[in-house]
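Notes follow the structure.
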Amino acid sequence: MADLVQTLITALAIGSLYALIALGYTMVYGILKFINFAHSDIVVLGAWISYTLSSKLLPRLGLDPHNPVTPPPIWVAAVVLILSMIICGLIGFVIERLAYKPLRRAPRLNVLITAIGVSLLLQNLGQLNFMFGASPQKMPALLPGWEIATLTFSDGESARSVVINLVDTVIFATSATLMLLLQYLVFRTKLGTAMRAVSFNPDNAALLGIPVDRVVSFTFVLGSALAAAAGFLYVMKYPGMNQPAHTIWVLLGLKAFVAAVIGGIGNVRGAVLGGFVIAFVEQFGAFYISSNYRDVYVFALLIVILLVRPTGLLGSPLREKV
Amino acid sequence: MTADSIHSTTQPDSGIVQLAPLLRVSDIGISFGGLKAVQQFSLSLPQSVLYGLIGPNGAGKTTVFNLLTGVYQPDSGKMNLSDISLIGRKPHQITAAGIARTFQNIRLFPSLSVLDNVRLAGQLRSSEGLLHTLLRTSLHHQSEAELKQRAMELLEIFELQHRAHELAGNLSYGHQRRLEIVRALATSPRVLLLDEPAAGLNPQEKRSLAQSIREIRDRFQVAILLIEHDMGLVMDICERIVVLDHGVTICEGTPDVIQNDPQVIAAYLGAAPDSGQNIF
Amino acid sequence: MPRDSTQSPQTRLTPANSGFSGTTGNAWYGLFPLVAGLAMATALQFILPGAAGPYYSRIVIDAGIAIVLAVSLNIVNGMTGQFSIGHAGFMALGGYTAGILTHYGSMLLWGSAGRHGGFLGSGELLFAASCLAGGLISAVAGYVVGLPSLRLRGDYLAIVTLGFGEIMRVILQQTGRVIDDAEKFRSGGLSQLIPPPVGGAVGFDGLPKYTSLFWVYSLVTVTVVVAYRLKVSSPGRAMISVREDEIAAQAMGVDIARQKVMAFVIAAFFAGAAGGMFAHESGVIISPRDAGFQRSFDYVIMTVLGGRGSISGVLIAAAVLTALPEMLRDFEQYRLIVYALLLIMMMLVRPQGLFGIHEIWDLFAPFLRRQQKAAP
């Protein structure tokens, strides 16, 4: 029982990260109909920018970033989170304008190849010494190690307790807040209506006077900011930071993409659902079957879902016009 | 000559009475979401006839073609070519059975040469296997040579032989339309579905097209079903016409019958039948 | 329109075909490119190491393996218009399969895992057979991975192939240690094969180094000849039609599902065989990393640069992109940055690749045709 609850808590935290990243994939796909391969690299940038900001900010407060004796005040985490979201949003904007916008009318495959190029570029630029370097770092703990709650389970003689700590709670709460904001934005505001109109048919949207380019840019900024948040939260939970081109990052991005596809790519609610589905399959598979094959479960699920329901759980079927 | 009925049809040119129809479609229908795109469509196409399928925009004409060629599966109804049922078959199987089509918005293979476009369609009937290709056996040379010869013959009939080595995408619009027909014929069909072959052609090209559609029918012994918006062309060359409106067959008969049918006139003008002018 | 149709068509047939497809009926002509390729491979084997030294020979071997992988990938990505980014997965699968066969096969046959025999000796024949087996196993995997392509288009399929490569990588990491003791292996039962003793995360070390210029360039020959013959004949045309327009291809009687799966199977076969060569190359330990997407991307870049559909273009791109980083060792950390910029620039400026769908000799084709016309 204790194990079950522990796995559940981890799955919820990880699932909300996947969902945050998946939202970026799904929004871009919804509007431009291509997989933004470079999206996972924005997550990496978010993580590394958070690291760089904290290692600059903490010494000014008289704290050693590599070995903080007392946790920094809670606003530091908020500032780092918001700054890295803003910076990544800007980077997302620039990438879209330079690399993707000229290809608006090009075949989808070309855009996909460009996205792979952008992804490779970001990874390897990030590895350069004057950027983040090619060696792993340790993220300073910005959040105090509080325990929110302790649940104790006893089965006869022994009792085990499961600790819900602040980090998991913050991850879940922040993600949930951002996702609710996004829901509001997409389904309740004028801008969201414009986004959905462009997603439905960019040409018609343009004819109706919707500034398509601005809507696309905004989508990229939004998705990149969410990715940065996910990057920040990820290194809060797992402070051992791998170098930008490390496989672990790519796998994180891939799984989030899988989440978007499983939920029905282009569908905002589907991305959130997919994020949690993936996290549950991965965490429970890792715990109850074997943790060595956790990536295999995710991809196997993807292939099964694509074969059974190619448009994902919440996606609507498509028909090609002849 | 007998009067028109479902099972026998007069053919003005030859006067031969055809008995069993080649293509027989009964009551097929399909819905997209809640929209009934085509309902209870029936058609009986004897050998070597020239029929027209007309109707206002969005009437479901191309959807009928897509149903006949297996691009969409009908929700209900039956389709038979001779004695083969076409229900549940994939598009390539239907082509192999003997139904070929052209597309309303030209769908050539733009970066293949004109010759290759035709050869590709022709190779459906050639039996060369992968191993023969890779080993370049004499069977390979023989079948490729036959394929090429047949393709060149077809191109020649349609006066495209001088363009054989050009990329299909570089042809003029009129030539591309013509190549689409050549390519469809290269599959050796028994039924040829032409989807607005005259769209975008000038009056002179249209006259020449009308002439060649008749000749195709005679020369290749195919039954032709023609979707066309140019009423002059349709009335001129089709022996029988089916009129669709909102997915429903509203009239079927000879051009004379169609032209005087109040429902057809209403469908085209969107007005009461007695409001006046004859659109034809 | 059909005014002159009474004229005999034969008299108007032009013998000129684009490219070098021999139109002669003699079947022996079919073997000529293969024989020429083998001769070239033999010449390389005996001349190059002496003339250029081991370092450059090694680069030429690397380039040959890259050519096989890129040209075979191009059958899927270029000719058939699908988008596979899991080609390294097939390579690794073939490499490990071949490695198991040579390593443990040698133990069973000769009692030790090392190299046996000289040029074309018994050991090398076992190696060639193992590479073939690696190719066949990969082809089976290609069939399985190709199946989803029947229902998925473009980018979805890309993710499935990527997932395949990653699954291969993860599974290979979970394998057992290599058994180096021949006696122990011979006496042990089948149970020692589960999990396969191929080295886990460290990689399959200790494989006999059989790969030579001769074997690599023989494989290059077969790959290029197969790719080219496909391209200029019926099966290749059917594949290209799938790339150009699936709906129209079906309407012309092409079974697009069959074409896609066939492309995957053929490409995977050559990737697997090349993997066998890679695993037995000196200085290389094949490891789970080799199945990952980073290596797959290298081959994708080669096909994109060379031209999606151009065999000679991809061949040149593969050779150059293998040799160039070797020459520019000091700039290793910039290599992928340059690749990335190349990819982006290509898509912006020349998305069809350097050669597009043309072969390098097509550049001379107008000239050749003019000559044929001039000399009737």
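We call the chains A, B and C, going by the order they appear; numbering starts again at 1 in every chain.
Everything below uses one rule, namely that a contact is a pair of C-beta atoms (placed from the backbone, for glycine too) under 8 Å apart; a residue touches a chain by one contact, two chains touch by 3 or more.
Note that the coordinates shown come from a computational prediction; the quantities given were computed from them, not determined experimentally.
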Worksheet item: More C-beta contacts across B-C or across A-C?
Response: B-C
Worksheet, complete the sentence: Relative to subunit A, the most remote chain by C-alpha centroid is chain B
Fill in: Chain whose Cα centroid lies nearest the overall Cα centroid
C
Fill in: subunit A-subunit B separation of Cα centroids, rounded to whole Å
51
Worksheet entry | Between subunit B and subunit C, centroid-to-centroid distance (C-alpha), Å | 42
Item to complete: Please compute the C-alpha centroid of subunit A, do the same for subunit C, then give the distance between them in whole Å.
Response: 35
Worksheet item: On subunit A, where are the residues touching two or more other chains?
Response: 322
Response to the item:
Shared-interface residues of subunit C (touching two or more other chains) are 247
Discussion item. Where in subunit B do residues touch at least two different other chains?
Written reply: 71, 103
Fill in: Residues of subunit B that touch subunit C when the two form their complex
69-71, 90-92, 95-96, 100-101, 103, 107-113, 116, 119-121, 123-124, 126, 128, 130, 133-138, 140-145, 147-149, 152-153, 156-159, 161, 164-165, 178, 183-184, 187, 208, 211-212, 215, 219
Worksheet item: Given the complex with subunit B, which residues does subunit C contribute to the contact?
Response: 1-5, 7, 9-10, 12-14, 16-18, 22-27, 29-30, 225-226, 229-230, 233-238, 240-241, 244-245, 247-256, 262, 309, 357, 369
Worksheet item: What residues of subunit C sit close enough to touch subunit A in their complex?
Response: 81, 83, 85, 148, 151-152, 154-156, 158-160, 162-164, 166-167, 170-171, 173-174, 247, 292-293, 297, 300, 304, 333-334, 336-337, 339-344, 346-348, 351
Response to the item:
In the complex, the residues of subunit A that touch subunit C are 34-35, 99, 102-103, 106-114, 116-121, 123-125, 127-128, 134, 245, 247, 250-251, 254, 257-258, 261, 292-293, 295-296, 299-300, 302-303, 306-307, 310, 320, 322
